[in-house]
Every structure is written in C-alpha cells, then in structure tokens.
Amino acid sequence: MSATRYTYLGPEGTFTEAALRTLPEAATRELAPMVSVPAAFDAVRAGEAAGAFAAIENSVEGGVTATIDELTGGEPLMIYREVLLPITFALLVRPGTALSDVRTVTGHPVAQPQVRGWLRGHLPDAAWESAASNADGARLVREGKYDGAFAGAFAAATYGLEPLVTEIHDAANAVTRFVLVGRPGRPAARTGADKTSLVIWLGEDQPGALLDLLQEFAVRGVNLIQIQSRPTGEGMGKYCFAIDAEGHVAERRVSEALMGLRRICPQVRFLGSYPRAGVAQADVRPPRAGTSDADFIEAAEWLARSQDGRS
Amino acid sequence: MSATRYTYLGPEGTFTEAALRTLPEAATRELAPMVSVPAAFDAVRAGEAAGAFAAIENSVEGGVTATIDELTGGEPLMIYREVLLPITFALLVRPGTALSDVRTVTGHPVAQPQVRGWLRGHLPDAAWESAASNADGARLVREGKYDGAFAGAFAAATYGLEPLVTEIHDAANAVTRFVLVGRPGRPAARTGADKTSLVIWLGEDQPGALLDLLQEFAVRGVNLIQIQSRPTGEGMGKYCFAIDAEGHVAERRVSEALMGLRRICPQVRFLGSYPRAGVAQADVRPPRAGTSDADFIEAAEWLARSQDGRS
Amino acid sequence: MSATRYTYLGPEGTFTEAALRTLPEAATRELAPMVSVPAAFDAVRAGEAAGAFAAIENSVEGGVTATIDELTGGEPLMIYREVLLPITFALLVRPGTALSDVRTVTGHPVAQPQVRGWLRGHLPDAAWESAASNADGARLVREGKYDGAFAGAFAAATYGLEPLVTEIHDAANAVTRFVLVGRPGRPAARTGADKTSLVIWLGEDQPGALLDLLQEFAVRGVNLIQIQSRPTGEGMGKYCFAIDAEGHVAERRVSEALMGLRRICPQVRFLGSYPRAGVAQADVRPPRAGTSDADFIEAAEWLARSQDGRS
Amino acid sequence: MSATRYTYLGPEGTFTEAALRTLPEAATRELAPMVSVPAAFDAVRAGEAAGAFAAIENSVEGGVTATIDELTGGEPLMIYREVLLPITFALLVRPGTALSDVRTVTGHPVAQPQVRGWLRGHLPDAAWESAASNADGARLVREGKYDGAFAGAFAAATYGLEPLVTEIHDAANAVTRFVLVGRPGRPAARTGADKTSLVIWLGEDQPGALLDLLQEFAVRGVNLIQIQSRPTGEGMGKYCFAIDAEGHVAERRVSEALMGLRRICPQVRFLGSYPRAGVAQADVRPPRAGTSDADFIEAAEWLARSQDGRS
C-alpha cells in the first residue's frame, strides 16, 4: 500500500537507511530500498510510494547530482523534510578478525577519501578495492572476499559482522544531508526555522541575469543558504541553479521574492519549504529590519490608506 | 465657497495663472491669487480652497523649493495634476512706446537670465531693476516707473500695456512645470502615461541607504523621472528625497515598490499618482519584461498553485 | 594684484564675509565684495582674483543654486576649502532704540523663515519688509527707513548699529556651508577627513543610470555625503548630479570610483578634494574593510604575483 | 624527462586521451595515463610532468568534482588550455559480432545515461554492467567478458575491436570540457577570446557576500560564464565558488575585478586566463561600453589631468 511506503537509495545498511530511520514516522512505514535514486523517486511519481529518501549533499563531497537532477528534471516532486547525519565509519570484520589480520579492505568510492588518512596511519599495507555501496562491501566481507569493510557501525548486525574500529573519519565535520520528497502538495508547516528550495532557469544571453536573480532575494531580505549550478543538458554553458534560501514560503518576504523570480526568469520550480535540520528556532537570525510579516502587513495597510487619501 | 476655489501663487497676470487657465476646470473655478506658496497651500489645508496651483520645477532654474518644501513638510497634501508651460517673455510697454524709447526695464529676478541675451542684442544700454513678480513689473510700467516690463504676453491686457516684442527667451527649451494640489484623497485615475510622486526620508548612518532605495524601484522595473534632495532641517547633512517615478500606484510594480520603501525607510510620504504632462500614452515605454500587472497576476497565481501543490 | 585678492558675495557685513574671515589666510588677503556669485567667480576665471567665496548650502534652505550652477557650468573651477557657519541673527537697531520702539523690521528674504517664530513671540505687531541683503537691511535701519534689521551681530559695528537681541534663530541647527573656489590646480592636501566633489551627467535613456553611478561608489566603499540634481538646461527632465563623497582623490578607493564614473558617464567634472569642515579626523569612519589604500596595494601586489605565476 | 611529459586521467583509449591528442603539442609529448586525477595533477606538482590533462565539465553531467577539487585545494596549479570534445559513443565488439549477438554490454557509469535511449530502441534485452572506464570496458569485451562496450570509436584499434555502431548519444549536445594544467606561471597569451578562472572563498556570516562578489564583476562589465559552488570541507553550509569569467587578466576590466575580489574576499585563487575553446574571436561580444582597455586608459589620463588641475 503506497501511502505507508517510503523508498530510499539502498541497499539496506547504508547511511541513507540510518538517516531515514531518524524520522519518527519511519517506524510506521514500509521502508523499501531501491537500486538508484531515479528508481526511488519514480516510485513516488508512479504513486507506488508516499515518499522517497536520498542524500542530496555531503559537506565534503558536495551536491549529490543524481538527487538534484531528479528534482530539477522529470515530473515535479517536492521536499518535505531534511535530515543531517554525521558520517563516521566503522571497520567491519568477520567475528574474530584482529586488526593485524586485515590485508584487504573495501567500501563505496566516496568512503575512500574519508578513511584514507586512517588507513595510512593504521593499515598502511592494506589494499583498497571499491564496492558498489558500503553495504555491498559489508556483504563481500561476510562472503570472505575482503577482510574489512568501511561502513556505518549500524550495518554490522545486518551483515553478521563486528565493528572492529569505530568513529573513523578524516574531515572533522563530515555530514550528509538527506531529503524526503513526495508528490507536490502543501508545504510542510512553518516552524520559524525553515528553508525554501527552488530551481531557477535563466534566460538566454543575459549577462546580469544571475545578479538580477540574487537581487530579488536581497531586496526582500532573504538570505541564501546555497546556490548550485547544474547543466540544463542543452549544451555547454547552459545552466540552471538549485537554490536553498532561508525562510518559508508562507512568509511574505519569501513569497514576494518567489513571485519576483517567477516574473523575471523563464522557469522557476518550487521544491518546497520545510524545517531546517540542525538549526534551532532560537538560532535563527531574525529577518532583516523591514522584512518581517508584520512589516509587510503594515506597509500594505499604509498603501491602502494612501490610495484612499487617509495617509 | 471652497469647493469651487483654486488658489495660486499670484498676482494675476503671471505664468502661474496662465498655466492654471490651461486646465479645463479652471473655467468653472474661482481663481484666487495668493501672496505666497505657503498661503496658497494653507488655504487648501484649512478647507478654504479645493486646490492650490504653483510652479514646482523649471527646466532652467531647477526645483521650486518653496513648493517642494510645502509638500514635504506640514499637513499632507497630494498632487492631482501637472501642467507644463513653455516660458517665453514679451516686452510690455505703455501704448505708443517705441523700442528706442525704452531706457529702463524690470521683471522678476528669475526672468533676468532668460532675457539677458536678448537685452544685450537689442537694448544694450537699458538698465534692469528687479520687481517682486513679472506682473508687478507690468504694474510699475503702467504707473510710469519703468519703460518696459518682461512678462507673459497674456499679462498685457490686464495691465493696459502692449507687447512690443514677443517670444523672448534665451534657453531654447525653457519650460516650467506646475502642480495642482489638494487634500489627500483618491489619486487621479490611471491613464497609461502616469507618474507617482513621493518624499522619502533615509535612516541615520546608512551609507548604502540611497542605493537600497533605488534598488526597491529597480527590482520592480520602475524608472525614476527625477530625484531631488532637500534638507530635513535637522542639521547639515540630513536630507530627504523628493522622487518622481514612472507609473501609477494602481500598477502592481509601483505599489510593490512603494510598500518596499515603506518597509525600509523611516518615513515615506505618498504625494499622488497623476497623468504626465507632455507625454502621450503612445510614447510611454512599456514596463520592463516581467513587471506588467499581467505578470504580477500570473506570478501570484503560480505561487498559489505552488503552495497548494498544484504547480 | 590678483594673487592676494579673494572675491565674495557682498555686500560687507553679511554672513558670507563673516565666514570668509574664519579662514586664517583671509587676514592677508584683499577681500572684495561682489554683486553676485557669477561676478565673484568670473573674477577668478579672469585671473583678477585668486579665490572666490560663496555659500553653497544651507541646512534649512538647501543648496544655493547660483553657486552650484556656477560650478556646474562655465569655465571649470575647483573647490579648495569649505567653511561651516552657524546662522543666528541679531536684531540691529540704532543706538538708544528699545524693543518696544521697533515697529518695522527688515532683512534678506531667506532670513524671514529663521526669525518668524521669534517675531511672533516678541514683536507680533512688527511689519516685515524684505531687503536685498541682511547688510542692506542694516544700512536702511541706519538711514532711518526701518526700526530694526535682522543680520549677523558682527554687522552692527560696520553700520553704526547696536545688537539689541542676539542668538535669534528658529531652526536649532541652522548652518550654512561656504566654499572657497579657485582655478583648477592640485587639490588640497589629504588630511584624513576629506571630501570630494563632482558633477556627473548621465546618458540619455538609461533607466538604471543613477543606480549604476551609485554602484561605482558602493563597490569601492565610498560613501556619499550629498547628491543634488540640477537641470542641465537642455529641457525638462534632463539633469546632472552634484555629488559630495567621503574621501580624497589621493585615496585609491576614491580615484578608482572616479575613473569608473568617467568610463560610464558622458561627462564628469572633478570639483576638488578638500578637508571636511566640522569633522575631526578622529570622527571619520575608517574605510570599509578591503578599501583602504593598504588593501589596494596588497591586491595589486597579489595580482602582479598571480600574473607572474608566483601566487 | 618532465618537460616533455603530460599526464592524463587514463587508461589509454578514453575520451580524455582523444581530447588531449587534439592539442598540437601533444604530438611531441610523452602522454602518460594515470589512475586518478589527483595522481595526474600531483605528478605536475612534483615536477615529474609539465602538464596534466583531465575533464572538468560535461554538458550533461555537470562539473567533474575530482578535477575542480584538485584545483581548489592542494598546492596551486594553473589552467593553460581548454579543449571541448563532443561525446558520442561507438558500440565496440569483437570482429565478427553482429548486433543480434550482443546480449551483454558495458561502459563507464557516466556513459549509461547517454546510451540508455539507444539501448532501449536497439538492444532492449541487453544487460548493462558498469566498468571502471570506457577503456576498461573495451578491454573486458576483448577478453570475452561482455559482448559489447560503449566507448569512443577511437578506442577500437587500441583494443582490437570493431565499432559496430557509431555516433550513439542521447543528448544532442553532449560535450565534455577538458583542461590542461601546469605549475603556476605566466598565463597563456591574450587572444581576444579568452576566459579567466578563479576560486573564491566568502567570509563568515555575510548574507550578501555572493551579491557583493558578483557586483565586483558587474561594475567592470565582466560577464560570468559559470559559477559553481563546492564545499570547503569545513562543515555543512561552507562553500567556495569556482568561477569562469569572460576576458583575460591582461585586460584592465578583468584585473580590476580580480583586485576587487581579492580585497573583499578572505581568499581568492587565480587559476589562469586562457583561450576559450569553441569561441572564435569574431563571436566574442565586445566589452560593455566604458570597459575596454582604451576606456580605462582614457579614464586614468583624465584622472591624472584632474589631479594636476589640467582638466
């Protein structure tokens, strides 16, 4: 039954599943691992799942283009939640293996730069080979193909392995951001610590188009969290921009900026407003002076009075 | 009866009266000359007149500060009409006077630079003395104090004089702009060739405040016609800005810009939207792409769909 | 001998002369009162005077257009000094006159708004008539034509009068700014509390031209002190802008902004860099981060290294 | 001997090698395939190669993060040339294989989206498995592991295969951009159709920092070709921007913009100015009015005259 199914980029035992399980509602959903981000998202488009979950950005590796491109192209989807998960690896081994026994290790290619420093210090002679996923690496260790796999510690139980070493990571702040997407609907409720995601296409031959785009935000006091260019696929030099901005579309400063963008850009895709993971309401900078909803309402009332001659 | 009285900066026989008489409704109004712009405007504030008429700008001399300051300070008034009048002078003399008889001439001080060139060429030996107004100069000629007065040709009849020479002016394009003001009410109807007048005060110590102000217009594609700084009277270096912008407050691009200004500026005074004198509707540049009312409506509909998940 | 002569807007006994005498070098100059600002400035242009001195701005009345227009048009001149003078009036009377004897008063028309409140409170029945200058008013009192003249207290001695009441003014902060102009030459030396004056003409039909102009300053962190539009005389709607900006042309941020303006504007007239009157060096906000001369030099060195491959 | 060696991302027979061989000087260089972009670039840093060659952007897939991150971090390198190569695939088979014999196909994962449509139409039942590179896939076909490999037609000879079908691609305009990097040195000579590459870090907590950055370009009339955000590795939400701009650092508008960026940004890395591939000099838009070198020179001369009083 689709309303209770969430798809995610599998297999089981990956960081994606671990991140998904941090969502309270995950406990009451059927969690279905899929072979690719497009497969996970298409299940939502087809009505076979209520949501799809995938990584969209890593603080070390950058944007996950498969996810961004699925949101940028194809049948529209919207983001309803985001999850931040610190990424630290465990070295998973078959029970009984000692560190000195480990001669071959495996893991997903993106894990390699994160564990390279640790390997150099602790297993300088171990040979690395890439696996299709961290979970797949764990499976290959269980099958005896490699001595150790780098994966999340939580994957040990699934694959009958033991975490020999944990908390392995090179970059102190490696974090991955995941999003839960669904078919277009009402955005998540406003919490006071929200973000709004968009994709914006610029017109042809407009040298200042990006500047104009940023001005639409700046004039309304809406700060950008991220801007990422992606090729449109129409040839070298044609880009669209995936943008995360502070605030919720229910805020006047945000909605006016969105309408401004809609007017000056050939295409704008609204990807949703949803709570910012890892940002407490108390930590949110208040809107710049003159851009709160109260300021918008006061200005509209002033204008109404002015147009009636009651200024 | 105040509803049929228009005050204007007198005396009779000035360019101001001539400009006022170009308004169709002037034929059915009692036109009351006043001794000063404040007097003319205060009569409106006191309910003793329906309108007041005064010059606000001359294409050679610049802004008429008495008029601007009356609109900037005091009890609010609004502009409902503007009139452009080309300024050319006649040399008025008592009947029978020949050019060779003219040894002394008079006129308002602002007339002098306009006729200086003509005097040098035609009456190099004539002595100039200033009068309180062009009309007053005419009166003094009638009384025999001077031989000639520079004034509008239309003033000749009023003072029993003859226009000896007409079409005297130095600057080819000398034009004066006049405004009809009244108590605050609904702005003049939108014609498609309109302007909107404002006074804006900037906050303290904001180096980029003027730039921010202009951005509020620019982002909505509203072009400025004029910007003029005036001291606020609170000390050297404190200014407000009298601004004329293209468009009517009934246009969305204009009203959104006004609300934006209201939000970021400590004070905004709306002085009205009214037809641009001397600009035919056909000559008006269409709003920049994305800033027509249709564009605003389409963007609002898109936003509503987006917030409902119908994008 | 022209090198020792300074002209000023006369007659003697005006605030202009008082302001001029605050300059140390005035003590060793021949101070020559002139009948008009153009006459004072033309004497400099003709080499008959080393400097000319005139009011350029009043904190209550605004810009003195005669002075601004002389700097904007005609043979170029430059500003080398500015002087601020608080404007307070004295009521000058013939010796022996008591306040109760004063029935008629006179003064320059711009004095009237400054003393109106005082008159209402202290001499509600006194009749006001305008004089050609405050000094001329004093002369007329001496001749017995009026009972009292509003002028600077310093004018009393010149005209054989007594200051009956002093420190009369309505606006608490009435200040007039005067400038000393000369033929173009090297600007005044940099003091650390300087300003730079310019006149800028915008091109035809450029809706965003004023914004572009301000961006040239803003990008280099140069704050504006004042911007004032003046008609170019080429017809209604054609303006140039007289601008005062913080900083000295010897500063890199200022000179780069000036060159930027020169490139984008059809005409720029440099009116000089000179010490800001009334602003101590200690009160000057330091240049925005990244806009000091040291920052410009460091960036130029970095660029040179980069272009040599030594980055 | 390092001066004649160019490293590139191998193995042999890839599009990278094909692109590298389009450079005239490649004919006289030892071309050394390396296992990774870091390996290829580190050889240059270590002085073991004069240049390294790698893809930096694909018009369908976007930026090649491995290459960008090598330029952004580590010991500085500079770009001296770029090459554009249209990407079309051939289906390589062992001699004698017919299309109907092809049951399994392989290729680099990024090839898959490019040939997916063709496969659906022509080999709907063929099973795809990914290879480490297109060249590696060809090798596996020669070894009999798969029936066909998608690779460049030029790879056929190297691996003893035949191109059964050529010109396979889904996106009509799939193009890959490659760069030749070397140790920092003098930039490539100016050709009139150049680009300049930079990496820019923004300061902390500056909401408008990206806008300020773009203004530095805009004020000098320098158009951006591309802007791409990359994580700095210091935690979620910290980005630097890899930017390609029109023009050569030897142009005044470009060098002034670079110095401006250097002043306002905590860090700027100059990656070189070099000829734009695929852009003829005749197709280059001339610099915006007021931003040519001649305009800069004229403005500097004007400033010098102004500072000498010769304006």
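Each chain carries a letter (A, B, C and D) given by its place in the written order, and its residues are counted from 1.
Note that a residue touches a chain if its C-beta (ideal position, glycine included) is under 8 Å from a C-beta of that chain, and two chains touch if they have at least 3 such contacts.
A quick note: this is a predicted structure, and the numbers were derived from the prediction, not measured.
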In contact with subunit A and with subunit B at once: which chains are those? Just list them. none
At the place where copies subunit C and subunit D touch, is the share of residue numbers found on both sides over half (same) or under half (different)? same
Averaging C-alpha coordinates per chain, one finds the centres of subunit A and subunit D separated by a number of Å equal to 26
Taking the mean of the C-alpha atoms as each chain's centre, how many Å separate subunit B from subunit D? 60
In whole angstrom, how far does the Cα centroid of subunit C sit from the Cα centroid of subunit D? 58
When you check subunit B against every other chain, which residues touch at least two of them? 215, 218
Give the pairs of chains that touch; include all such pairs. A-B, A-D, B-C, C-D
Subunit A residues within the subunit B interface of the complex: 76, 78, 183-187, 215-216, 218-220, 249-250, 255-256, 258-260, 262-264, 268-270, 289-291, 295-296, 298-300, 302-303, 306-311
Which of the residues in subunit B end up touching subunit C in this complex? 57-62, 65, 84, 171, 173, 175, 177, 207-208, 210-211, 214-215, 218, 223-231, 233-239, 278
